[in-house]
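Okay, so chain A shows up in both of these, paired with chain B first and chain C after.
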Partner chain A sequence: MKFYVPPQLKRLAIAFAVFIVLFLVLRKFLVPDSFGQYGHYRGDSLADNALPEIHYAGQQACLDCHQDIEDLKAKDVHARIHCETCHGPGQKHVLSGEASDILKPDSREFCGNCHGKNAAKKPGTIVQVQLSEHNTDKKCIECHNPHQPWEMKE
Partner chain B sequence: MESSYPHLYEILSHIQGYIFPNEIDLQWGILIVVYPFITGLVAGAFILASLERVFKDKVLKPTYQIALLTALSFLLVATMPLISHLAQPQRAYEIMITPHSSSAMAIFGFVYLWYLMVVLLLEIWFDYRHSMVVWAEEKKGIMKWVYRILTLGLNDISPRTVSWDRKLGYIITVVGIPSAFILHGYVGFIFGSIKANPWWSTPLMPIIFLFSAMVSGIAMVMLIYMAVSYIRTRTLDVNVLDAIGKYLFFVLILDFTIEGLDQIHRIYVAEESFETIKLLVEGKLYLTLFISQGLIGTLIPLGVLAFLQFYKGKIKLRKTLYFITGIMVLIGVYSMRWNVVIGGQLFSKSFSGFTSFKVGLIGIDGTLMAIFWLLLPFGILTFLLWLLPPWKMVPEVEE
Partner chain C sequence: MGNEGVKSSRRKFLKSAATASGAILGYSLLKSSQYLVYAAEPEDPNLPWYGIVIDVEKCIGCGACAKACKNENDVPVEPFFFRTWVEQYTVKNDGSVEIQSPNGGIDGFTQTVPDEEIFKSFFVPKMCNHCAKSPCVQVCPVGATYDSPEGIVLVDEKYCIGCRYCVQACPYGCRFIHPVKKVASKCTLCYHRIKKGLAPACMETCPTGARMYGNLRDKNSEIVKFLKEHTTQVLRPNLNTGAKLYYNALSSEVR
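Let's look at the complex of A and B:
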């Protein structure tokens, strides 16, 4: 017995075959050359990502010159906070060595970013200070050394 | 001090409480709200068309082709909000040529392709093939060739071949219903599978998305059927509206029940995220969740549709009520997409802070862009209705 195949199906089979072949041909041309070089991604994207200007130098760059500060920090509660958390991006300073190329924040508001009283923060983890009540006429760093907060200056 | 960190102070003005830095800006904006809305319309419109075909609901016949062409018009645009939201849209095709099985979005590309090529296009092709062959004979000039290309050069309209069009179309419809479920269920899965987000992470998400998709698709086809009748100055058959309204009513009840169950489950379980989600829905989502989605989009339409199940009086009043209900339901489903997409990004994973979202007007990620993608399908539908007018089709011969 001869198996009947409707003419529509024959025509559609050709259309789908053409589509699949076209897809494979296009794929051949469209897949980036460096795809799969290191993994399931375009290898050249690593070079692309390296292009943007670098702002942060990283903790090791700070330690190359300022090991003394690191030693101070290691003794107190700010030990795990990296330099650029407070001093801001440091690459410019690393390259030039100029003190003017890095931030040295000293305002009460700056310390308040972490230590200001905030009901949303978990109590007991980070010291919370009511800025409007605590020694309002002084800057925080007049008493606390930011690198060693509990080694009071007076 | 403020001069050193101007950007920081601007940012701090629109967050509340404690929030991680990468949560301040919403990564997914209004275009990601539009995307599940459009995809939902596709699945819903197709499912309405299938009801006519598989369950042989003769009353719905005038909406059958309109529903299919609506589904196609919206499906052709469905990926565009996603693509225009990308930072590198010109690389979007790479998701298809170098897919990775661990990427939910990459697999979605193939779910989409299956639905477009194997379900919608094939069903429409089988449905229109006979008519297109006849049109190719009748027309002259370029249109003759357009129809000839659309028939793939096959001009066999012997009764046997035409009856195979019907049989094959039926098979495609049967395959198409689960495909439509998968297409939109998958959109829900993409959100539901994000386990770090308690507002999204629920196995009910695909089902919730699916039912709201059916609600919005049915409402959209009803409105388009009304608009098409109006533009063609044909009398609108209120029996058709009653039939669509009945399906809309039942699906809306299911949608409301399932979403309600999801919320009851959330409230009773009250996981650690519950406090922050309670603040979210009572605060930033109050208008869009309770008023827009709940009241305007669900409760009032449910009441009106329930009323219309019994009320068979003034035809003009019924038509007006169906029209208004259709629009309200669409507003409700759009709000539901908003509540899921935007709501899920407003609270911090620390569960102790919120950010805020202000939608932009212009730009590639703005409101105008979203409106453009929402209006484009209507342009495509107008073209398709001109190219493939359901009212000029060769009438089916009863077997």
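Let's look at the complex of A and C:
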């Protein structure tokens, strides 16, 4: 039996074919090459995300030059704290070696971020000080060496 | 006779439909080309599969993590854009809960509720949960956010159209639209650092070791050991997001 295809359907089929070919050609040019390499995303984006420069150099970079401070620290309660916790991002300082490229915070408020009294800090885990009562006229570092808090300066 | 014609054309139609669907199925099975069919590759068992642990008991709310994150990732310093931040929960004796996070905790916390009214109080650091079944990844209409082979949820800044759909979808509020770049931004677990073998900035600077990250696939890793020895919980487990940020000693008040 001869299968009859009406002419309007033939025209529609041609239109469909043209549309699909056009779609595939456009897609070829618009979708980045690495799209679908690992999943439904641009594979090159992984490399993009690994690109930014680091600002924090990491503890090992500090120890490369400042092992003496680390030895000092090791004797007291601040032993486990990494240098950049207080001194801020150090990569610039590592590259330049300039003292001006690293922070030396000395305010009472800065020490208070950790040691200020707060009910949410578990008693016995950290020394807490009521900043409004404890030697209000002095900076913490006038008595305490931040690297060795219990080696009092006076 | 007319009935015959209908039957035979139906048979023909079914035949051609079966052939077409068989061809499509065969094509997708062959996967000779990923040109038309995208499917996530099976995860590479040789790569690490990162998870995070936050120990609520160890956090002292100093905000070093939030500050380091902003420094490391050039997150706008202007308030209310955070990739990680710290919240203080205060449960009062009358049962009400007060939650505060002044400037994400960067400048530390001041106790606002007097001691005698407090039932309990604690700090909860928050960050991206790097969910294995992330709602934010599922809703992205252009494939600009994705789960990396290492299990880190990342954003493709070149591909993101800034539609904000993912910001709405994240049940943990961990995404924002970067005010300058106008694209979605979030914690990358410092992808650029861990690829160089360095710890994420928040974990590098945490003075008490309240944060930990590691390879969940390595059964001898520190994080797996911690998970074995402690009772940990994820945020909003009912949403089945597959969160990989595990909290130790998490109170039920935390949302």
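Note that the second predicted complex is superposed on the first by the 108 of 154 C-alpha atoms of A that agree within 3 Å, B and C clash if a C-alpha of one lies under 4 Å from a C-alpha of the other, contacts with A are read in each partner's own complex, and residues count from 1 in each chain.
Definition applied: a residue touches a chain if its C-beta (ideal position, glycine included) is under 8 Å from a C-beta of that chain, and two chains touch if they have at least 3 such contacts.
Note that the structure is predicted; figures quoted are calculated from it, not measured.
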For this session: Would you sort A:135 into first (chain B), second (chain C), both or neither based on which partner it touches?
Result: neither
For this session: Considering only touches as defined above, state whether A:96 meets chain B (first), chain C (second), both or neither.
Result: neither
For this session: Report for A:82: first if it touches chain B alone, second if chain C alone, otherwise both or neither.
Result: second
Exercise. Which partner, chain B or chain C, is in contact with more residues of chain A?
Worked result: C
For this session: Please work out whether A:35 is in contact with chain B alone, chain C alone, both, or neither, and reply first, second, both or neither.
Result: both
For this session: Based on the superposed arrangement, let me know which partner A:105 touches: chain B (first), chain C (second), both, or neither?
Result: first
Exercise. Between chain B (first) and chain C (second), which does A:7 come into contact with in this model arrangement: first, second, both, or neither?
Worked result: first
Exercise. With the two structures laid over each other on chain A, which partner does A:15 touch: chain B (first), chain C (second), both, or neither?
Worked result: first
For this session: Could you tell me if A:48 is touching chain B, chain C, both of them or neither one (first, second, both, neither)?
Result: second
For this session: Mind sorting out which residues of chain A both chain B and chain C touch, each in its own complex?
Result: 35, 40, 88, 109, 118-122
Exercise. Which positions of chain C touch chain A when the two form their complex?
Worked result: 5, 8, 12, 34-35, 38-41, 57-58, 60-64, 68, 71-74, 88-90, 107-111, 113, 115, 118, 121-123, 143-149, 154-159, 188, 191-193, 195-196, 198-199, 201, 204-209
Exercise. Mind pulling up the chain A residues that touch chain B in the complex?
Worked result: 6-9, 11-12, 14-16, 19, 26-27, 30-32, 35, 40, 88, 103, 105, 107, 109-110, 118-122
Seminar exercise, completed: The residues of chain B that touch chain A in their complex are 1, 4, 16-18, 93-94, 97-98, 100, 117, 122, 125-126, 129, 152-154, 156, 161, 164-165, 168, 352-353
Seminar exercise, completed: In their shared complex, chain C is touched by residues of chain A numbered 1, 3, 35-42, 45-46, 48-56, 58-59, 80-82, 84-85, 88-89, 109, 112-114, 116-122, 125-126
